[in-house]
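Across the two complexes that follow, subunit A remains constant while its partner is subunit B and subsequently subunit C.
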Partner chain A sequence: MKKIKKQNAARLLEKWQKEFTVFVPSKASGVAQMAVWDGQDLAFLEHNRNTVIPPKANFLPSIQKMFGFRKEEGGYVLEPTDEDPPKQLLFGIHPCDARAIAIIDMVFKDAYEDRYYLSRRQNTVLVGMACTSPYDNCFCTSLGFGPADATDVDIMLTDIGDSFLIEEITDKGKEVLAGAKDVMAATPADEKKARAVKESAKARVSTKIDTDEIGKRLPLVFDDRKFWEEISAKCVSCGICTFLCPTCYCFDINDEMLRDGSGARYRNWDCCSFAVYTKMPTENPREDKWRRVRQKVYHKYAFYPELFGIIGCTGCGRCIRQCPVNWDITQTLNSLPAGTPTKKQETQKSS
Partner chain B sequence: MTISDISHRKRYLAEGNVYLPHIAVIEKIIDETPAVKTFHFNFKDEKLRKEFTFESGQFGEYSILGTGEATFCISSSPTRRDDLECAVARVGRVTNALHRLGVGAEIGFRGPFGNSFPLDYMAGKNLVFVAGGIGLAPLHSLIWNVLDNRAKYGNIDIVYGARTPRDLCFKYDLEAWEKDSSVNMTTTVDREAPDWQGNVGFVPAVTEKVAPAAKNAVAIVCGPPIMIRFTFPVLEKLGFTPAQMITTLEKRMKCGIGKCGRCNIGEIYVCRDGPGFSYEQIKSFRSDEY
Partner chain C sequence: MTREIQQKLRAEARNLLEKGKVDRVIGYGAGSLKFATTPLIISDKANADRLVVNPFIHNNLSVFLPDLCGKVAIVAKVCDARSIISLVQNKQIAREDVFIIGVPCSGIIDLAKVQKLTGLDRDEIGDMSWKGDKVAVTFAGGSKEFSAGEVLAGSCLGCDCSGFQEFDLVIGEIKTLAGGKDLSRNKIQEMEAMSPAQRWEFWKNEFSRCIRCYACRQLCPVCFCERCFVEETEPLWVSPLPKWQDNLIFQAVRMMHVAGRCTDCGECERACPANIPLGILTGKMEDIVEELFQYRAGMDKDAPPLMAAYQPEEAENLMR
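Presenting the complex of A and B:
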């Protein structure tokens, strides 16, 4: 393994800046999010806390131009955008957010490739930072990984005091580190220190859910309307849990016109908490709030596993921390009634 | 029939960006009813015009650039490829904008998306088509597809109804099917109307009266949800099993390719896994959100 002294980290970022747009966790615009590094601010090297806006925004921007169009004499002309987005390097993303990106990759690769998303993904290097300060409501360790998991990044850094320990995970990671002058070999003592840092972080993730038990109970409580009405009673359908969720990817598509007759099609984040999301001219399958809250929980914990073999939640805790009415998905999941199989479930089981 | 039998699917033809619409020109507009028009259109691109393929039951995302996209089935048959057709009821922002367009106007088209009616499964069987109102649009494609390969199928019953005689779509084709001696055509309207000599009654009740035999048959039912909900039990009474009944489900859609999220019924995405489903499949859905 390798390491770099913290005082030299800026030089590594400068090296990367030559090839990539370098994004770092920043509070520059008020809300903590991945922002283009200004070449000066290094506060993020010491402030190891997760951003409020998840890095999904680097692949699926909250609003994104899909293409422009204008009307000429011969008819409409489309102007495709974004075929080859600039190369980006995300520095300091936490393992939960890296896992989230791996999770939504599956949707955008499935059946029809989503070029807007995948072209950004392909042009990206993920430099992870082992999380050393989980929040009280983080529960990543219940989801099969932990605050120092390096599976989903290209390079993993761990803060060991005066230096960062560096693990090269992918070839892409090795490539971008090649020739970095300030990178040195790590000593066994450094590695031991990193292990201790990781273990200590893991031990501090105190919120737990039992995914096996949830997997057993969810199929049984789907039709328990009373339970879902109670669970959803305080929800104000503001959508913040969706917009800040690192694995929520739903989007809307809209056209905008300019005065000169040209226009553009955009896509923007959308949200299953809104009744209008599924509204049709004559009916709406999720007009009821309890159905929308149920949809949210099941999409993450039942539908996603069925479709892609993985739970669509990383336990990052944003939906709990940012909720204006203190709705807590871990409480919901931990309070699922044992339930009884419905007639339909019985017949499905027996057939 | 296994669930996969209805999941025939033709992949999107064009490579590259699946969100970029193809520009097509409206060549003909037929006023079907006061609220429904059928648009005949063709792609501007010569090559695409030749290479474009689809199957009955598939849908497209239609653009009015500047207004937005909306989802409709392709209502013409792949056996009749002079042009493509979509029958559209004026109900929302995009459909209103579409209804204002004239011949020569350009629209955008993405597709074909979704699965198609299981022609292989239907071959050699007696077919019962039951439709209400604008629900005839997807069946219009299928019925012409079947009639253009008439020898492949057994008896054909068509039951079609609308609220009033004015609301019947594809009147010119209803006439053609009426005249076709190999088709048992029944047209009905909900209430008595002046100058209407045909059947009067709701589609489920009229279907019960027509009483198509269930043996070796498949029923394909498209129309407003209320009509579908009342027709399935009638067919069950006539001896049809849920596997012998097929319908198409309607959902709000945006992307058409299983990504934007809104058309799900539990883990089923109607745009990706449907829109065609057997009643057997629908009964097995965990969710009642359809």
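Presenting the complex of A and C:
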């Protein structure tokens, strides 16, 4: 393993800036999000908590031009855009957000390869940072990983006081570190320190859910309308929890067209909490609010595991912290009724 | 003091449900986050003990009223109660279906302001409580005191309870906060001192952060249109794409639509995950409505809605 002194971290960022657009957690815009590093601000080296806007915005921007078009005799001519998005490096991303990106990857590679997403993904290096100050409502440790898990990043940094311990996880990670002057070999003492930091971070995640129990109960409570009505009563159907969710990926498609017939097609974030969701192509099958709230819970905790073998939630806690009515998914998950198996489920079980 | 009010409220709620005077009670329950409460809608008297009253009862619960059937008792601060009357004025609910329980409010502490002043996040703050007319904030390794003017929500600083008489029951004493209207208009005055070009830049910057989650609209009690103009597609009034220009148009039109029914309760600004200072717009709009029409929304249930009623003898210049 390697390490770099904190005072030299800026030089590493400068080196990367030559090749990449470097994004760092920043509040400069007025809301915490990944923003292009200004070459000055280094606050995130000391204090790095989950941004409000998740880093998914770097791959699935809230608004993204898909292609331009213009009218010519006989039809429309398409003008492709964004063939080769700029190379970006996301610095200081937390394990939960890196996991979230790995989760969304599955969707955009599944039925067909979504080049808008994947081209950005392929052009990105993720430099993770162990999350040493999880929020009081974070619950990542209940989802099979932890605040210092390095699985989903290219390089992992852990704050060990005056330095960052560096783990090179992928070849891409090794590549971008090659030739970095200030990077030194870590000592066994450094590694020991990092292990202690990681352990203590893990211990600080205090909110828990029981995913095994949730997995057992969800199939039994789908039709428990009374429960879902009660759970959803205070939801106001805004888009905060989904837009700020690092694993929500729904998008809508909209054209902007001038009178001469030229314009562009865009996609933008969409949200299953909205009553008008999917209204354009058909109707919203979930007209009642309780059905929409149920959908959100099932998509993360039942449908995702069914389709991809992983829960579509990373326990980052944004949906709880930012909810204007303090709707809390962990309370819902922890209060699922035990339910009674339907006859069909009973038969399936015994067969 | 708050504990006593909470006990009384629980007893009243239990009583109302038990006697069948109301079908439901909307109030506040304990939140899962520090310094938060959460809307609580109950129909079983056994749940009355889940109701809480504390300095963090920020939500304007009247937003839930139009969707609830039957008779509903609702816990309301005076600003929320004005929203309820505004809904009555606009025929969204019937006055006799609502039982308004007034609770005293010492002003909503704006968590965002405290976070900015202390540089701490919600969960890094130990405690926040009123100490006389100051708010004492404790945290690891210290404590600080702030004046109401520093930490109260902008709309609370402009609190004016005088003349409101629509409560069906008041628990405790309801009075206007000593924040001072001037203080609540600080930001508006700053804006007015700007040149139009500076103001344009200011709002361009603010609305660049809007993600169109529509929390401002969804939390707004008087945004009650069944179909919002942003959801119209033929014609397309405003693009659904979150470009700053369209974000600004969306908000400007929303503001015009709620003029005369908005009570400047502050929910839109508080809900905004992008920290857009919408209170500047609602505050200014309330001032304009008052200045031009001597009208305050939600004060008189029998007063016709400002923008939805027209009398032939009105100054016709307005209509030209």
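In this text, the second predicted complex is superposed on the first by the 330 of 351 C-alpha atoms of A that agree within 3 Å, B and C clash if a C-alpha of one lies under 4 Å from a C-alpha of the other, contacts with A are read in each partner's own complex, and residues count from 1 in each chain.
Everything below uses one rule, namely that a contact is a pair of C-beta atoms (placed from the backbone, for glycine too) under 8 Å apart; a residue touches a chain by one contact, two chains touch by 3 or more.
Predicted, not measured: the structure shown is a model, and the values here were computed from it.
Asker: After the subunit A overlay, clash or fit between subunit B and subunit C?
Answerer: By the criteria stated at the top, subunit C and subunit B fit after superposition, with no clash.
Asker: Does the superposition put A:A43 against subunit B (first), subunit C (second), both, or neither?
Answerer: So A:A43 meets neither subunit B nor subunit C here.
Asker: Does the superposition put A:M66 against subunit B (first), subunit C (second), both, or neither?
Answerer: It touches subunit B, and subunit C stays clear.
Asker: For A:M280, decide between first (touching subunit B), second (touching subunit C), both and neither.
Answerer: So A:M280 meets both subunit B and subunit C here.
Asker: Once the structures are superposed on A, label A:Q331 by its partner contacts, choosing first (subunit B), second (subunit C), both or neither.
Answerer: Only subunit C is touched by A:Q331; subunit B is not.
Asker: Tell me the contact category for A:Q322 with respect to subunit B and subunit C: first, second, both or neither.
Answerer: A:Q322 sits against subunit C, while subunit B stays out of touch.
Asker: Quick one: is A:N254 in contact with subunit B, with subunit C, with both, or with neither? Answer first, second, both or neither.
Answerer: In the superposition, A:N254 touches subunit B and subunit C alike.
Asker: In the overlaid three-chain picture, which partner chain does A:S29 touch, first (subunit B) or second (subunit C), both, or neither?
Answerer: second
Asker: With subunit A's C-alpha centre as vertex, what's the angle to subunit B and subunit C, nearest 10 degrees?
Answerer: It is 90 degrees after superposition, to the nearest 10.
Asker: Which partner does A:A196 reach: the first (subunit B), the second (subunit C), both, or neither?
Answerer: neither
Asker: Could you state the shortest Cα distance, in Å, between subunit B and subunit C after the structures are superposed?
Answerer: It comes out at 6 Å between the closest C-alpha atoms.
Asker: Can you list the residues of subunit A that touch subunit B in one structure and subunit C in the other?
Answerer: 252, 254, 279-280
Asker: Within their complex, state which residues of subunit A touch subunit C.
Answerer: The contact residues of subunit A facing subunit C are 29-31, 49, 52-53, 62-63, 135-137, 233-234, 236-240, 243-244, 252, 254, 256, 266, 268-269, 271, 274, 276, 279-280, 320-322, 324-328, 330-331.
Asker: In their shared complex, at which residues does subunit A touch subunit B?
Answerer: The touching residues are 66-67, 69, 75-76, 78, 80, 83, 107-108, 110-116, 219, 222, 249-255, 257, 263, 265, 267, 270, 272, 277-283, 285-286, 291, 295, 298-299, 302-303, 306-307, 344, 348.
Asker: Can you name the residues of subunit C that touch subunit A in the complex?
Answerer: Interface residues on the subunit C side: 31-34, 36-41, 59, 63-64, 121-123, 205-206, 208-209, 211-215, 217-219, 231, 233, 239-243, 267, 270-271, 273-276.
Asker: In the complex of these two chains, what residues of subunit B are touching subunit A?
Answerer: 12, 16-21, 23, 25, 44, 63, 65-69, 91-92, 106, 108, 224-225, 250-252, 254-255, 257-267, 272, 283-284, 286-287, 289-290
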